[in-house]
Amino acid sequence: MSAFPEVDKIQYEGPDSKNPLAYRWYNPDEVIEGKTMRDHLRFSVVYWHTFRGTGADPFGPGTAVRPWDDGSDSVENAVKRTRVAFEFIEKLGAPYYAFHDRDVAPEGASLSETNKIFDQVAAALKEEQERTGVKLLWGTCNLFSNPRYMHGAATSCNADAFAFAAAQTKKCLEITKELGGENYVFWGGREGYQNLLNTDMKRELDHLAKFFHMAVDYAKEIGFTGQFLIEPKPKEPTKHQYDFDTANCLAFLKTYDLDKHFKMNLETNHATLASHTMQHELEYAGMNGILGSIDANTGDLLLGWDTDQFPTNYYLTAEVMLSILKYGGLGSGGVNFDAKVRRESFEPLDLFYAHVGGMDAFAKGLKIAAAIRAEGEFDKFVAERYSSWASGVGAEIEAGKHDLKSLEKYMLGKGEAEANQSGRQEMLENLFNRYM
Amino acid sequence: MSAFPEVDKIQYEGPDSKNPLAYRWYNPDEVIEGKTMRDHLRFSVVYWHTFRGTGADPFGPGTAVRPWDDGSDSVENAVKRTRVAFEFIEKLGAPYYAFHDRDVAPEGASLSETNKIFDQVAAALKEEQERTGVKLLWGTCNLFSNPRYMHGAATSCNADAFAFAAAQTKKCLEITKELGGENYVFWGGREGYQNLLNTDMKRELDHLAKFFHMAVDYAKEIGFTGQFLIEPKPKEPTKHQYDFDTANCLAFLKTYDLDKHFKMNLETNHATLASHTMQHELEYAGMNGILGSIDANTGDLLLGWDTDQFPTNYYLTAEVMLSILKYGGLGSGGVNFDAKVRRESFEPLDLFYAHVGGMDAFAKGLKIAAAIRAEGEFDKFVAERYSSWASGVGAEIEAGKHDLKSLEKYMLGKGEAEANQSGRQEMLENLFNRYM
Amino acid sequence: MSAFPEVDKIQYEGPDSKNPLAYRWYNPDEVIEGKTMRDHLRFSVVYWHTFRGTGADPFGPGTAVRPWDDGSDSVENAVKRTRVAFEFIEKLGAPYYAFHDRDVAPEGASLSETNKIFDQVAAALKEEQERTGVKLLWGTCNLFSNPRYMHGAATSCNADAFAFAAAQTKKCLEITKELGGENYVFWGGREGYQNLLNTDMKRELDHLAKFFHMAVDYAKEIGFTGQFLIEPKPKEPTKHQYDFDTANCLAFLKTYDLDKHFKMNLETNHATLASHTMQHELEYAGMNGILGSIDANTGDLLLGWDTDQFPTNYYLTAEVMLSILKYGGLGSGGVNFDAKVRRESFEPLDLFYAHVGGMDAFAKGLKIAAAIRAEGEFDKFVAERYSSWASGVGAEIEAGKHDLKSLEKYMLGKGEAEANQSGRQEMLENLFNRYM
Amino acid sequence: MSAFPEVDKIQYEGPDSKNPLAYRWYNPDEVIEGKTMRDHLRFSVVYWHTFRGTGADPFGPGTAVRPWDDGSDSVENAVKRTRVAFEFIEKLGAPYYAFHDRDVAPEGASLSETNKIFDQVAAALKEEQERTGVKLLWGTCNLFSNPRYMHGAATSCNADAFAFAAAQTKKCLEITKELGGENYVFWGGREGYQNLLNTDMKRELDHLAKFFHMAVDYAKEIGFTGQFLIEPKPKEPTKHQYDFDTANCLAFLKTYDLDKHFKMNLETNHATLASHTMQHELEYAGMNGILGSIDANTGDLLLGWDTDQFPTNYYLTAEVMLSILKYGGLGSGGVNFDAKVRRESFEPLDLFYAHVGGMDAFAKGLKIAAAIRAEGEFDKFVAERYSSWASGVGAEIEAGKHDLKSLEKYMLGKGEAEANQSGRQEMLENLFNRYM
């Protein structure tokens, strides 16, 4: 029995379509830069917001109308929900999905019972994957909701919280492997602090590193070859989250000799909460070789919390796709909609509108980015702008032929530096509009 | 002839004094934790704001009344100004000062002329240092004001800007050594970008690293043994500054094999612009062994730019001094007032009020911090809070005796983690107030 | 049977006490400026956070351990909870409390059933008030949690939501009157918008004004003489809340001829979310004659959401009390702790620590403010600063004796304005520290 | 002699043009909704940023290369500059310009001399207006740059600052009238406070109101019939600016009986600094009948100061034009580019790129807005969303036929409110993209 009888498989109808349940830009088989849109974008639907989100916020309970949910935490209900989820993903035509262990399967009275439940639901997920061809982009553990993790998981002052998290991660790694997950993500929801008065930050970070090393070792042991990803976020729910931004993560990874094993899963709203643009985070990760995957959403820059809205702004998606194309694509990563419908968008249909709009926005962004790259105007400008480094003193410096003394000598001879050229920001912004 | 005839040497008069030009808390010879206040705090006056600040802002020109300045950029005026500066520092009783090359000495028509002028002024500075006993905390280059640095200095797209900056840095290192400077600071005012459309971030960071290596090499060559410091700031004047925060700097230093040579010069207002508390930055630097020195000021958290106000809040200064004491003091660093009087505080007298208040606030903060440490209530609480790591599974994990499998086994046996304890944030905040 | 057997009535023990469950500053009978501390501060405990808060946040469920709660929504449980609440308030020695209708009494299956339940619980509240002497500072309706209010209450696009809110408000006004409530508050939790694309802002504000007029009329009809208060907040849960700040409220009240009937209930964390200091909001309300009451809490200025923390900062409380004393006290208002213990402070004891600290911080703030007023240094400075308005052209302007022409004539004759005096911000901030 | 020999009059070349100095969207004679683009948009070039901006920022002096400027403050130079300005405006094809008194004419040694200089330059401006047909959108006084205004102008603690500002305003009103200015603007750059410790806010606002009344009276006396406008800004340079946002202004205008005489000049970057969207401010002003004119620019939402960038984002310009069309156009107002080229965009050519891009972005925004209105999908949605107010209880409430009692009765009968409908934010955002 269909959970969405009123919605057929979403079709590509082209830019002139006025059908709100059709794609105007996402044409999965269309080839761009030698690859299909499907393979560029690797869209993924998240289980948590889309199938477990209720619309609750700190000022009121959930509003979502989900006829397929009986409101219980039963295994039966969880299994039934997997059917709905895959119907949705299939109708959308997204090739991937992602989950936390606790989204798909409820907790039991003890860890062993919980693990058994997880196995049962995982079997249903596997069945659905095989039935539909939808694949698992990544799995992850929820190590932040249960009150046992109130002080953090790997960084808790309670050693048992660490131990429980370790056990939970082991199981989730196994299930992720079993389901063919292509990555495994750590979002350290409460790995941070609420205040420094009661916190030993150094000790907590030592523990976090130890935790990551254990995960790396166990993955090797069981032959899980997916990519490990860290998802940075600066704050919320904690006052300070240790994985503040990509640079913070990189410093941590290098300090603890973990940088070979981890890449980044970057989220727009987390970037902006850290007061970076998403493009900055993408470029920073890309140039450091740790761009792994993205959580596609958007925030409201006039609000100070993680709104996780569906992305619709073409400027944003074009910038994101420019960076992704520049660094050769996302590899095993994907464009994962870590986004939730508004509390007031409480009908199942809103889930479709939201994803169709987000996928279309990214498809349009991909087309804009490809057009920009094809013309090469920006690349040409940048090359010209740095041309003083291509020969003369610039090239010599890059080649390691100078030190402070030789440069002083050079400049004493010259007296003053060559004149600068305009940075042309306004012209470049106008040029960008030519592709919109 | 005195520039401040109406002000005598500022004296310590104790907490009950109502004299706005006396110290109520800063009693330089008072011993705390076995060291004098003078040696704990190592106060430093900055040449730029205090002797070159005009009160100009983007909406109006300067207001400052400085009778000793003839408004010209002559060498004579620059030398005369050094006498005033040292009279001020001496009357204040601060043991240190700090400068940029361009604060103390004007630029000439060519680099060689500029260097000669710098030598002349440096001779006057040396004379004054010897006369007064005031020492140089650090020197630094201004690599951001001159239009030649509009696109950055070491990270400019213009190779000549790099070369000029290198020459300028060589000279300033020499003068800093000549004047006995105990540190050398890099604040990368325009080492960042205004937009990504015209920027090759990776190439710019490569250049920055090269620049720092040249400085390190030259210091070694000339025997300058002062500590190199980087001062992080997330933005302003650029949209994104590469030295965003301590963690960003650490990632950079490790990436380019510079982490042995640099520590941090942390500024409160820069910390908060990066949405960190100053205490966070101090702890993060301290635990990574790169806490070097501080720029003592404060921002207005409801404003989005660097206001560089004088610090007067005892909570702030107590927190700062707690971290400094915890990490064994600032070493060759100091408490440097990178702070400016308001545009409306345009009289010379305001410079005294401002510094007296700032120094007193830090002296009070030191006393609060020492009292907190003497009682040990916070340390005791933290030790107790992490006690699960002192034995049992926690100690075993720290000792490297566990992996995911052994922890799963442990937790399967136990079923659920030990209960958490309250974090007691409210009680701890009340406890802090007991020392205020 | 006591809910807090381990806690006795909190006593004043004076500044040297190290007892975390004693007052160091709050000495209710101590007379300051001719009035007891009790009457100055009129402390109030809130029912919602303190007795209904669970510690849930968007990333996890509640953590609070409340042995007296059976977890059900039964009337019996609600009545039992009132006993606990009044034991707590009595042990604390707070003279007031405040509630939303839905905090104290659960909803029934229909409005009429809900009203009956409310009556039952109100009877218990009345009994407790009489037993303890604790009084009701204000009542209010929760018009934001129930999904019926997802689009707002008085400003909903659904007319029935308005009608339901009207009925709910009628009942709550009656109960508030019955319980001797001294004020009645409106916090428009969802009176705002999530986006402008689907919103008719003008129509919504017209409805809001109509709603307020109905409340005013009905209060008159039933003889409720308490003060109506609006609590401004700029955002959260909505993107834009119509009662953004005091000035926004004032514009609304004047536009709809409501300004004679309403004052403000100001909350620190709402002030700062609107990028005002609390002192600004207090002064702005005070000078416009609409300062009614305060929600005493604090936010974290580096976080962008309403953290509603307990206030412990003496600078904040001193500033607040300075404004309250300046405008002659809060009248029928009070210092209401709209604050919640952290999710990690989950034990009943934390409720005591939190309130004891908050009350002590306000008592200390009152003492600081009174000392400042007694010495009169700030008033003297301000009077002197504006002295040019006390005579000459300033006094003439204030007296209405000038127009542009006469002032041009005056200034043409003079050529340039009299010199300005320093604003002395630094000196004044130092002076403030003298009272800390 | 031409100042811009390399630039011809900018032409409309249509969407496919790759000429960066041509319009792709701005086709002045094209008729939209019965009016030409020229008359809808009423573009205006600002004298201050465009002809007096130097590129200086708090960290370095100006960079701008302006061959026509001799760097002096002579009257001759000022007059010469007017020729350049009008050549620029003419080549751009903008029908309007705007100025502060001090942008166009330098100050003399006394007020009377200053006034004479202003007359001389005004004669040149008039000549140029007549020669080119370019008109004056508005005049305004610079009452914030000169140190005499350090504490404010109309709100200064120095009565002479008020008097000087009054004289200056009289003169500027006369010149604005003489030049046919269609509006007169007040931006209260320093009408606010830096701290509350030294400020009498009520007295300052009383003075400000008096000042505005004087201006209104004098305009009437001399027959100046242009519209008075206030430009809100929340902060910068002051900590708090009295004209914080539109609502703050409205409260002030109503309090002081000025609301009939003033409308708003809204600036995007000021809106966002106040944490409003520009669209919010436009809607708020529009619905209150005080939408006067706009300062077209944009800020960077990740930076906390007024960057005054040229607007190029089509979403922004479409939203702005939707509100302007909705409220029947800007009347005597216009789209005024209060925007400045970046410090690094220092060549005259950048001024052209910047304006061409801004004008094109607004022309594109106008076309998008008109298309949205022509289809009417959003209006239809909103009408449907509020349909419960069109009949039944909703219509009765709007008609004033209900009070709390009748609504309680209605809802007691009904038991629960009608179900809500989805707010469909995601669908509406997707729909908006259909017009991009």
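Here the chain labels run A, B, C and D in written order, and each chain numbers its own residues starting at 1.
As a convention for this text, a contact is a pair of C-beta atoms (placed from the backbone, for glycine too) under 8 Å apart; a residue touches a chain by one contact, two chains touch by 3 or more.
Molecules present, by chain and UniProt name: A, B, C, D = Xylose isomerase.
Note that the coordinates shown come from a computational prediction; the quantities given were computed from them, not determined experimentally.
Here B-C and B-D are compared, and the pair linked by more C-beta contacts is B-C.
Chain A (Xylose isomerase) and chain B (Xylose isomerase), compared by their mean Cα positions, are separated by 36 Å. Separating the CA-averaged centres of chain B (Xylose isomerase) and chain D (Xylose isomerase) is a span of 40 Å. In chain D (Xylose isomerase), the positions touching at least two other chains are 147, 150-151, 194, 235, 275-277, 302, 342, 344, 346, 420, 423-425, 429, 432. Taken as a contact graph, the chains are fully connected, with every chain touching every other chain. By the touch rule above, chain C (Xylose isomerase) contacts chain B (Xylose isomerase) in their complex via residues 18, 20, 24, 272, 275-277, 301-302, 310, 312-315, 341-342, 344-347, 349-350, 353-354, 356-357, 360-361, 364, 420, 422-427, 429-434, 436.
Every residue of chain D (Xylose isomerase) that touches chain B (Xylose isomerase) in the complex is listed here, in rising order: 56-63, 144-147, 149-151, 189-190, 194, 235-237, 239, 273, 300, 302-305, 342-344, 346.
Residues 109-112, 115, 147-148, 150-151, 156-164, 166-167, 169-171, 173, 194-203, 205-207, 210, 214-215, 217-218, 234-235, 240, 244-245, 247-248, 250-252, 254-255, 274-277, 279-280, 283-284, 287-288, 378, 381-382, 385-386, 388-389, 392-394, 397-398, 400, 402-405, 407-408, 410-412, 414-418, 420-421, 423-425, 428-429, 432 of chain B (Xylose isomerase) are the ones that touch chain A (Xylose isomerase) when the two sit in their complex.
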